Structure formats: C-alpha cells, structure tokens
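In the two assemblies presented below, chain A is common to both, partnered first by chain B and then by chain C.
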Partner chain A sequence: MNKIFKRNIGSLDEIFDFIAEFLTAYRINDQVSFQLKLIVEELFTNTIKYQPSSKKDISIGLEKADNRIIIRIVDSDVEPFDITRTAGVDVNKPLGEKRAGGLGIHLVKYLVDNIDYTYKDRQSTITLTKILEQKDV
Partner chain B sequence: MQIKEKSHGEIILLVLKGDLLSEPDQKKLMEKVRDLAGAGTKHVIIDMSSVHFINSCGLGSLVCALTTLRKAGGDLRLAGIGSTIKNLFVITQLERVFDFYPTTEKAVAGYLKIQKKGPK
Partner chain C sequence: MFDIILRSKTEILLKGRLDASQAEKAKETFVKVAETCVVDFQDLEYISSAGMGILLMTQKRLSEKGNSLKFINVNKHIRDIFRYAGFDRIFEII
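Here is the complex of A and B:
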C-alpha cells in the first residue's frame, strides 16, 4: 500500500487511518499497531520540522512480506538527513541534562530491525524493516 | 489533549485525556505544571490512564514537567500508564527517573504516607 500525504501535521490523522487500514488487512495486533504509528509519526514529524523549505508531499508505503513489515518514506526536494548516521541520544544522562532532541530517532531505531537510507536528486528515501513475531499476527 | 485538574488536599491530580504528541499539547501541559510549581504545589500526579498514544515529544514534556517540579522542590508521579506506553519509558531508560503507580489512588496514598512521616 502506498499513499501520498500533504506536508503538514494535520495529515497525521489520515496517516493513522492509513496504518490502521494496513494492519486490519493483515490482521496484525495492537502492540505492533502502536509501534508502527509511532515509527511513522516520529519520522513524518521530523521531516516537517527539519525540512521546512520543501513544499512537496510525502509518500508513505507499507508492505508485508513474509514475517516482515517494510515501511518506506519518500521525501522530495529536501536536504540529506541520513537517520542511520545520526548519533543516538544518551538515554543514561542524569535528569537535569536530558533533552527531548534525538529521543524520537532513538525510539525508531529501537523499534525496527533494519534501516536503509538513500539520497538522490534531492529525494530522501528511508526504508525500515520490522520483523514480526508469531504473536504479532 | 485535555487536562483536568483535581485536588486531594495538597496533592494535585492532572488527568490527561487524548494523545500526548504535539507541541501544543506539550505547551499546555508545561503551562499547567509551571503554574502549579509557581503556586508552591509540591505533590503532583499525572493520570495517564486515558492517554493511549504518546511520542518522543510527549515523553519530553513529561521529563520537562518532572524537572520543573523537582527544581521547585516538588515531585511528580505517573499513574495508570498502560503496558505499551510504559515500554517506551523502558526503551528510553526514563523508567528510572519517574515513579509509576498502577492507579491514582495508590499514587495519592503514597504521598499521604510521606506527609504523615514528614519531610526527611
């Protein structure tokens, strides 16, 4: 399944509906539903926040292949932002030194099993793979 | 997200309803917590039982709330968090900085115990 979304926070409800439609079609459970929503929401929100100059819509693809879910986010007319190369947030820092930045990427990296990033002709493509356990379907 | 405020004597209960994920949600929560800290409130409980989705922004706002209250000599407890959301606190190691209670009643009871004993 693939769908194009307007580049604004208001698209989130539509994105969540799209994810719900995908999960229902493949009978995937609530735990994965939460994680999938979180992964897509964090990356979508990130790109809106940090790539404000682009006016292009964002494409989100969801695919189930065997025991894997493949999420593909294609963002056009943007600067490169390679999520695989971002330094992880230090979650062990004391409370007073903790900051929100980087927490979303940390969560995404934890929740998926593989991340690929490509950048060509000002287009970023993030492909994330999440392996499902037997209990998830 | 909606915030309802209730009080149990000197303990303030903030009941959150809806998703905790946007910057406006974060601002709303922080304004409320800053007001409470400014008014000298020491014991705050956030009831999360009606929050079903939270993202990194939401987690960050809870960290800010805790930091604000602790700096003002107060404290924050989280009550009623479901296992899926609790897992995010584990992944981010934030479960080590918050005190969790299964219900608001238990969180209130914990504060009342401290008040009975008096300050350390």
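Here is the complex of A and C:
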C-alpha cells in the first residue's frame, strides 16, 4: 500500500486511517499496531520539522512480506537527513539533563530491526524493516 | 480524537490519541499544573514523542519545587514505550 500525504501536521488523521487499513488487512496485533503508528508518525513529523523549505507531498508505503513489515517514506526536494547517523539519546540521564529533542528517532530506532537511507536527486528515501514474531499476526 | 480534562488542580484525565497534532492542546493544560498531580491514562490509547516531551518538560518544571507527575492506569503498550524512553526512571508509574 502506498499513499501521498500533504506536508503538514493536519495529515496525521489521514495517515492513521491509512495505517489502520493496513493493520486490518494483515491482522497485525495491538502491540505492533501501536508501534507501527508511532514509527510512521515520528518519521513524518520529523520530516516536516527538519525539511521546512520543501513544498512537496510525502509518500508513505507499507508492505508486508513474509514475517516482515516494510515502511518506506519518500520525501522530495529536500536536503539530506540521514536518521541512521543521528546521535543517540541517553535515556539514563537524570531528569535535570534530559531534553525532549531526539526522543522520537530514538524510539523509531528501538522499534525497528533495520533502517536504510538513500539520497538521490534531492529525494530522501527511508526504508525501515520490522520483523514480526508469530504472536504479532 | 484527543481530549484532556483537568479534573482538579491535582488530577488530569487523558483520552484518545495524543499525537503531534494534539500536543499543543495538551500543553495548554499541563502548563497550568503547579503541584504534584496524578495523570490518569485510563482512556488514552496512544501517545508519541510530542506528548511525551510535554510530560517530560512538566516533570522538570515541577521537580524544581519538589513536585511531580504520577501516572495511573497506563496500558501495556504505552508502558512499554515509556520504558524504552527511560520514563520509568523519572516518573512514578502506578
């Protein structure tokens, strides 16, 4: 499944509907459903936040292949932003030193099994793979 | 659909889906909290980092005067995400 979304935070309702359609089609369990919503939201909002100059719509793809879910976000007319190279968040820091920034990407990295990033002709493509266990479907 | 209800000065109820598009609405209520407050997650289905950031900033502000947020009725999925984010070390999750 693939769908194009307007580049603004108001697209989130439509994105959640799109994810729900995918989850229903493949009977994914509640835990992975929650995680998939989080992964897609964090990447979408991250793109809007860090690529404000682009006016292009954003493509989100969801695919199930064997025991894997593949999530693909394609963002055009943007500068490179390789999330695989972003600094990690130290979740063990004491409260006084904690910052909210970077938490979303930290969670995405925690929840998926692989992240691939490519950049060509001012287009970023992030491909994430989440491996499902038997209990997840 | 997200809703936040300030039941009293020390009790907040969260409902629905707290995603990035609803974070500002949540923030408007949390900035009013000035003392130790119980946050009831009974009817909250989902939260992302935008909402978690508001909880974190509120906890930091309250802790300066010895107060805190305490979470009750947190579902398993949200509890897992809180653990991945290290929230179980800085919030009391009952």
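FYI, the second predicted complex is superposed on the first by the 137 of 137 C-alpha atoms of A that agree within 3 Å, B and C clash if a C-alpha of one lies under 4 Å from a C-alpha of the other, contacts with A are read in each partner's own complex, and residues count from 1 in each chain.
Throughout what follows, contacts are C-beta pairs under 8 Å (C-beta built on N, C-alpha and C of every residue); 3 or more make two chains touch, one makes a residue touch a chain.
Just so it is clear, the structure is predicted and the values come from calculations on it, not from any experiment.
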{"item": "Partner chain in contact with A:13 - chain B first, chain C second, else both or neither", "value": "second"}
{"item": "Which superposed partner A:103 touches (first chain B, second chain C, both, neither)", "value": "both"}
{"item": "Which of chain B and chain C A:134 touches, first, second, both or neither", "value": "neither"}
{"item": "Most chain A residues touched (candidates chain B, chain C)", "value": "C"}
{"item": "First, second, both or neither for A:53, with chain B first and chain C second", "value": "neither"}
{"item": "Intersection of chain A interface sets (partners chain B, chain C)", "value": "9, 30-31, 34, 37-38, 41-42, 45, 91-92, 95-96, 98, 100, 103-104, 106-107, 110-111"}
{"item": "List of chain B residues in touch with chain A within their complex", "value": "21-22, 53, 55-57, 59-61, 63-64, 66-67, 70, 84, 88, 91-94, 97"}
{"item": "Touch list for chain C against partner chain A, complex", "value": "17, 19-21, 46, 48-50, 52-54, 56-57, 59-60, 63, 76-78, 80-81, 84-86, 89-90"}
{"item": "Footprint of chain C on chain A - complex, ascending", "value": "9-10, 12-13, 16, 30-31, 34-35, 37-38, 41-42, 45, 91-93, 95-96, 98, 100-101, 103-104, 106-107, 110-111"}
{"item": "Touching residues (chain side chain A, partner chain B) in the complex", "value": "9, 30-31, 34, 37-38, 41-42, 45, 91-92, 95-96, 98-100, 103-104, 106-107, 110-111"}
